[in-house]
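One chain, subunit A, appears in both complexes that follow, with subunit B as partner in the first and subunit C in the second.
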Partner chain A sequence: MLQPRLIPVLLVDGQLQLVKTTGFSERHYLGDPLNAAYVFSAFEVDELLVLDIDASTQGRSIPLPFVAALARFTSVPLTVGGGITSLEQIHDLLALGVEKVALSAVLSRSFSFLQQAADRFGSSTISVIVNVRSLGEGPALAWFGRPDAAGAGPGQPLAQLVLASQQAGAGEVVIQAADRDGQRHGYPVAMLAELNRELTIPLVALGGCGSHGHMAELLQATPISGVAAGSLFVYAPGTHQVLLHYPPSHHWLQQHLPALQECWRCV
Partner chain B sequence: MSLSVAIVDYGTGNIASLEMALRAVGAEPEVVRQPADLASADAVILPGVGHFGPASADLYGSGLAQELCHRAAAGLPLLGICLGFQLLTTASEEAPSAVGLGLMPLSSQRLRPHNTHLHKVPHLGWNTLEPASGSSRLLQGITPEQQLFYFANAYAIAPDPRLPSIQVTYSHETPCLALVEHGLICGVQFHPEKSRSQGLQLLRNFLALAAECC
Partner chain C sequence: MRVSKAPQRAYQICSRCVMDTSDPWIVFDCQGRCNHCTDFLERRLSVTAYSTTDKIPSNSDGPEHLWSSIPRNRGLHDVVVGVSGGVDSTSVALLAQKAGLRVLAVHLDNGWDTPIALQNVLQLASLPGITYEAEVLNWNRFKAVQRAFIAAGVPDIELPTDIAIQAALHRAAVRHGIRTILSGGNIANEGILPVCWMYNPRDSLYAESILHKAGLPPSFYAPLKFGFRQELRCRLKHRIRTLYPLNQIRFSKDNARQHLSSAIGWQSYGGKHCESTYTRFCQLIYQPRRHGIDYRRSHLSADICLHQVTRSQALDVLARPAWNDLDVDYDVAFVARKLDFSADQLQTAMASPPCWYIDFPNRQSLLGAAYNSFRILTGRRKASNF
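The block that comes next holds the complex of A and B.
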């Protein structure tokens, strides 16, 4: 049976430094992204997601030489994203040894690009990142790209945006809870579970995870395809001290997988 | 003498990770784009990532498809990976008007699970293999517990009991082919180049199989 993927997320800034954000704004410098990627590759992570968080704002795409180095330093399945706007860029990134590219901001300006990309490279290579905010009691609002970007607009209903992405050929959707970024209070479980019931493509949760308890909450609620996290994998538990780790989470999942799979059979 | 392994570049494939994995197991792969480049190859790998339609058009347009069929008939060992595996079959629902190389009498259909809450499409991530009947050369030295591989496919090939080949399946609601050994024509739906030490072992096994033939 297919296993849920545990996905460390690495964020790089305009100087190609590894950072961890809180609430999409505050940044904490962590070190060298290539070194971190190398360490996670040695941990044999299920997948690694690397995002250039300044690329879209600066009107460029994640630098090819950086991705080339990333691919050279790792042997695990890689997804990269940040400022990708053309089919040529996707071609060049895939040729470097990347499994999937992540699209987001470009889709707010040109949604049809998603279908073009999926048609040319196959759905399995196209990951879409949707940023979501739940404000008070109202329905969650979603954006392609940063919710606070210039001209980002008031946001759209989450399900609508995600189902449109599925329809256009997205191979998976990463739901990033912008308001939970770096908070380590847990995933928006109910929202993700509901979405996963509606979707036929893989769903990945990102934003809010701080413990195995949070992973358990999510996985018990829904047979989600990917459990992604930044803080969980880059900080020593409960601190802001840099400590890259993965094996404890992997072991945790392997231990709990039989019971989880049993409970998913009845969903 | 070291084996000459050719990786076929047909425009959309992910070449770099495969090259890296082959170097890791001691091979010196060469990326080929034209039929003439296949002349010195002892073994050929058709990698995967992309769409069946453009990939087929590219392979036939360059003449590589014809040359691969010709050489395969003469006993050249061939390994197709993911889309590369599907391209070895006759056709795919992904591009009904395109033709595959037809080296295996199989074809690809879109995955259509009934329980879409549990089984998503694309089939993306690490899946286990079902216990194999018969002895697979490619899985030699990989224990059943290690038979976990990285997949990324929306189209799949159903096993065919009439086909006298080694067939190993994975389950995504229904059984689909993870691996076929059809004489010296081999295909894997997963990505050995991204599947940890067990993936490298599989590549090593393919090279060993190819070495016996030259």
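The block that comes next holds the complex of A and C.
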């Protein structure tokens, strides 16, 4: 039986400051990422996704000492990403005790790296982040790495990119709605539901979530493996004021699970 | 290694409370009673509800006359309350909310919030009539300030946080045009506290001297700073005053804890002031080891004066080390990692000789005179250390 994971996403910048972005650009300072990770760990989150959003542009990977501290002072499944480009880096990160590494920008330059990583470390340790923009009526376009990065190109059809990732051995794909980042209007439900039908590996939705209602809306539409959010878990409900929180699982998901399962039978 | 100018004294403990020469400046009278409990009983309690035998509001009701004296604001909020998730601040915010005041609850995030404290703040922030605001200190800069206080060897390593809270509350009051700040400070629990354990946070020269010694420019202190000048401006120009509602009721932490947990699902975190990992480290590990200070001693002494515990019960409590219920190695490792020390460096610091505020440039006598004059002008009695 599917038990969707609720995943807080923590973004850190080049100075290891915890930030929340809007539209991938505007940044709001949130504090110390290590304390935030420690707090979410005590909240017993299903999983924590920590991304260094300046690593790729600065040509380095997420700093090992920082990840070592995260791993030491948390006890929940940890996925880390940011600027990872080599098998050695993946090895070092996994050796610290993280469960998965997230790959993205590197795949725009060298897609075969995904297969190498999955072959060496196993699919279950490799998460792929795909950034997607839906422009008007046309099909959603997707990128590895930032859509606005130098040389990012015009984007590829989302389904094509995700299916290729699945084939190359990705253990899961995080679909990040770049145009919804920080908007808190909801997930692109139809797009995610359609994609989830076509894929066999776990999908994680990210970008746009502003309330538990948005999570419910997505979960009713499709039995998606993970629902991830930044704003939802770091701001006091309905505000832009920092207050880390997480619904106790026995409250929120357990309550909704029977109804959700009913919905999933119909889709 | 710097040698402190603090007096070296033979051990002595008060015959009435449990304060002892871990305050090197403690004074005993001919019957062996110390200045702390004497001042507490003779002066400080007189400004609290404990001084009268009249019918006194209990924990769940507010002091009516206090609420009615608060001007209703034309803006969206009537009062500012600083909320840490701890029992004192949560009690005040809830009392004000129940009295019908529109509360702006301001939380200062200094990088050390505990999960339970945040859950408590969320419960409070979700109540009708309470608006939540957070002020987040820049952690990388604040970390440097906290490191400077550890390097200085003084016990008041929580001074930067204490003063940053004052600065944040007054900033919020000015920003929203609110004229009343409600403080959770209360004499019943905090009325005994030696000056040298927690020196005056409003003495900016002292804090800046400590930063200077660590090679940090005053700009690191600027966002935290709330000295005499800043306070005077807030009081006179913006007409902001701070009230202490918990002094107006017979406040008892135990009753308050029970009340809060049934009223809003508030959770206790065990121990006093442990809504912050750093406060826990400071009071239960760092100060006991480096300065021989045990914060429980001051709280218990106040409890003895209020007949809530006996002196022998208090001595039994103090016989167990402050850190007894903690995973000390884990806490030290976490604090060290957050402050960019190795665990060994932090242990070495804790084993180093202590310093005290007198070892750094400060304006103790000047500020004392200034605040005394201010009290004479406003007709208030002195019920605090500074």
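As a working rule, the second predicted complex is superposed on the first by the 261 of 267 C-alpha atoms of A that agree within 3 Å, B and C clash if a C-alpha of one lies under 4 Å from a C-alpha of the other, contacts with A are read in each partner's own complex, and residues count from 1 in each chain.
As a convention for this text, a contact is a pair of C-beta atoms (placed from the backbone, for glycine too) under 8 Å apart; a residue touches a chain by one contact, two chains touch by 3 or more.
Nothing here was measured: the structure is a model prediction, and the numbers come from that model.
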item: Subunit A as common anchor, with subunit B and subunit C clashing or fitting; value: fit
item: Touching partner for A:Leu34 - first (subunit B), second (subunit C), both, neither; value: second
item: Which superposed partner A:Arg109 touches (first subunit B, second subunit C, both, neither); value: neither
item: Partner chain(s) touched by A:Ala69 [first = subunit B, second = subunit C, both, neither]; value: second
item: Subunit B versus subunit C as contact partner of A:Val98, first or second or both or neither; value: first
item: Which superposed partner A:Ala42 touches (first subunit B, second subunit C, both, neither); value: second
item: Superposition-derived angle with apex at the Cα centre of subunit A and sides reaching subunit B and subunit C, degrees in steps of 10; value: 90
item: Partner chain(s) touched by A:Pro77 [first = subunit B, second = subunit C, both, neither]; value: first
item: First (subunit B), second (subunit C), both or neither touched by A:Ser225; value: first
item: Of subunit C and subunit B, partner touching more subunit A residues; value: B
item: Partner chain in contact with A:His245 - subunit B first, subunit C second, else both or neither; value: second
item: Shortest span in Å between Cα atoms of subunit B and of subunit C, once chain A is used as the common reference; value: 10
item: Interface residues of subunit A shared between complexes with subunit B and subunit C; value: 72
item: Residue numbers on subunit C that touch subunit A, as the complex places them; value: 107, 109, 111-115, 118-119, 121-122, 125-126, 132-134, 136-140, 143, 277, 333-334, 337-338
item: Residues on subunit A engaged by subunit B in the complex (per definition of touch); value: 1-5, 44, 46-47, 71-72, 75-77, 91, 94-100, 119-125, 171-172, 196-197, 199-203, 223, 225-226, 264-265, 267
item: Subunit A contact footprint on subunit B (complex, rising order); value: 12, 14-17, 20-21, 24, 49-51, 54, 83, 94, 116-128, 148, 150-154, 171-172, 191, 193-194, 196
item: Complex interface listing, subunit A residues touching subunit C; value: 15-17, 29-32, 34-35, 38-39, 42-43, 69, 72-73, 236-237, 239, 241-245
